[in-house]
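Structure below; questions to follow.
Residue numbering begins at 1 within each chain, and the chains themselves are lettered A, B, C, D, E and F in the order written.
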């Protein structure tokens, strides 16, 4: 039985917290798909192509990880990729509530897909892409928050 | 003593969770007013008229329920309708915090109106109008989330 | 239609927070039963008789309030008293979780009984019988926490 | 790569919520060990032998599930059984905090073991062994809360 | 050793809750800086100049309090003002999560600055500038929520 | 103006999380009193004398820190020691609720004493004395959780 795992997100940009979850999730199944959700109504900080590239650079050392982008419902993407397990990172109690609702809606729509939660590593428990964007926008140093490849991309765009 | 109860919300669109609260709230007093709050600064997904109509269709079996729309402060509407009790549904812990603040602000403004909370039925604890809109927008099936009359309206608008 | 409301608790001892909920709950229905749950496995700080007496003294001004003690399941007591609504006070987020579980278990056992929640008045949001017992045990002044009749009972027992 | 999963707990008694997690966790790896933690300082409601028997009866239909009891540290048991993944059920926000602390302490002690969380199915989100014991002790009906084999064991002991 | 304390916020507008924190924070160090964060991407309800003026009027009785506005990263402003302690007000559990993340991000960026939290006074625990704006916008009375000087400014702008 | 700060707790045993708060709290005022609350109704794991000794050993490098034990109400001890500020560590959302209640009860009893909260350092956010006791009791290694002097005391008692 081949088990494929999906880790969905916006990754705008990817953080060290995302990378930690990717490494741990890659050990939960035979194969891990990292899925970048495209929101056609909201343009991101980085383009989808830039996010694909940054994630590929950060995960080059993980042979069973594949990066892909998707539009539409998350569960449709999971079904199309043949993923039976979805991984979500959880950092704090407000995450819990939000994630709980999403997981329950998804379970109603696609009961065959299981959602599992990994707790963020303690030193990344505060990290969110929005904090990285905010610190970068205000001229702060983000190297403690993102992988080197992402730090370079951020440096280029804020020059 | 005639006790009138108010259940306010946006109902954009009404969900099975809303309908469950309406049915239970209609047994708490002699009469229940379901109040659709109009936000003049933000146009909704459905118009106020469509929401009035959908709610009337869903509650036709409840003789002591009245549907109405209002602008301005919720407590002014409660006072004008003669409602001494307001009902709010609560689903999760982040609801709790938000609802707590609203209830306390309302208590400061109108101490004579009591706010009571009903817990969402477990199978609807994740349901929010925003999830229905999101699933519909992405082409998913919403029939497990809304009353039949609402599902038809959604089908018409997303054709 | 006569609506009877039940407000259950341990009331060991009754606090100003309990009294506030009693006054507000007494306006939600025709009649309010305040039910003291007897735990046969744990002896209380005050005896059940003392708690009955203190609650009767504190609620003498509320003609539609009845004080009673009960053993066994809460919902059996509600059914026996003919109460269709149960009132619970909620103070904080940990209350929320606990109360949510109790309410859902009760709903499974007795779907015809509705549980409604009232938020503790802000100045009593920290108050719990356990805090009153602790402050009294350590020699502190509890007059800001309990009705006068209860303060006298506490003074007598800690002499 | 053979992946063994551990689902630890007290199971005093096993509930329908536990059984749901067991069924879902059994699909996350090649093999699932359900581990009953023995607390040498506190005697349970059911003996460890009774809990082993009840869990074996409830999981007879799941060929890759093994029931075992253990003393001492959970992570030592996981290491001894060769389990690289631990599963925990999560029901509510207070669970989250407690589970978070346990998971972080375990990660410090045994970084090679991953803890994953499954959300309780909505209709079991209130269920805890303590509620089952309480309802049974007070003479209530527990058949909506536990598998038939457990309901029989409870009926025998409360006769 | 001169200890300077920073209390940052948007103060759009200042509320009685802010004023309470300012008074208490002014006693935690030799000197308190109240810092109005300027968001260059979002225009406020009141201009930064109006907020400076309102805060100065409200704190005229506190000789060791200074009001200032800042752009850019909060910790850069703290370092430039020589503040070793930052004060944040906390009202509720969702504040907790948000504040926790901000505090941890700031600690990573500037470990020498300590963040301390004060709990909102109970009667202001629901108060937020957004509630004041909402009530004012809908024609409600805000005098129970803000200092007199702020109520006057609001009255002038909503005429 | 000499500002004295009090950090109260059970410290049974002191953890690295406690030590971190002590070091940070010692910089908030001229002098820090670490107060060990004696519970006359419950004997601890370590005696009060052992806890005094362990805390003195761990804080020998902090010249402005004094260790003391107290019986009775915390605020009476604060008043007797002349402390105008109390420090509490906060780790998670359930701490928040508990601490909130204690802080509000103390404010009612002694409005002149301010309670400030410090967030636990991320790597200690799960640490509690109870976890240390549990791990030690089950034969696990506690050296990652407590200062060396405490690890030695634990090793001696569990031989």
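General remarks:
As a working rule, contacts are C-beta pairs under 8 Å (C-beta built on N, C-alpha and C of every residue); 3 or more make two chains touch, one makes a residue touch a chain.
These figures come from a predicted structure and were not determined experimentally.
Least step count on the touch graph, subunit B to subunit E: 1. Superposing subunit C on subunit D by their CA atoms means rotating through 120 degrees, a value rounded to the nearest 5.
When chain centres are set by their Cα atoms, the one at the greatest distance from subunit A is C. In this structure, the chain pairs D-F and C-E differ in their number of contacting C-beta pairs, and the larger number is found at D-F. Centre-to-centre, using mean CA coordinates, subunit A is 34 Å away from subunit E. Annotation: 47 Å between the Cα-based centres of subunit A and subunit C.
Contact with two or more other chains is made by residues 92-94, 96-97, 100, 103-104, 122, 125-126 of subunit E. The complete set of chain-chain contacts reads A-B, A-D, A-E, A-F, B-C, B-D, B-E, C-D, C-E, C-F, D-F, E-F. Residues 3, 24, 27-28, 84-85, 90, 93, 96-97, 100, 103-104, 107, 114-119, 121-122 of subunit B are the ones that touch subunit C when the two sit in their complex. Note for the complex: subunit D touches subunit C at residues 91-95, 125-128, 131, 135, 138-141, 144-145. Chain contact summary for the complex, subunit A toward subunit F: residues 92-93, 122-123, 125-126. Within the complex, the subunit F residues that touch subunit C are 71-73, 75-76, 93-94, 96-98, 100-105, 108-109.
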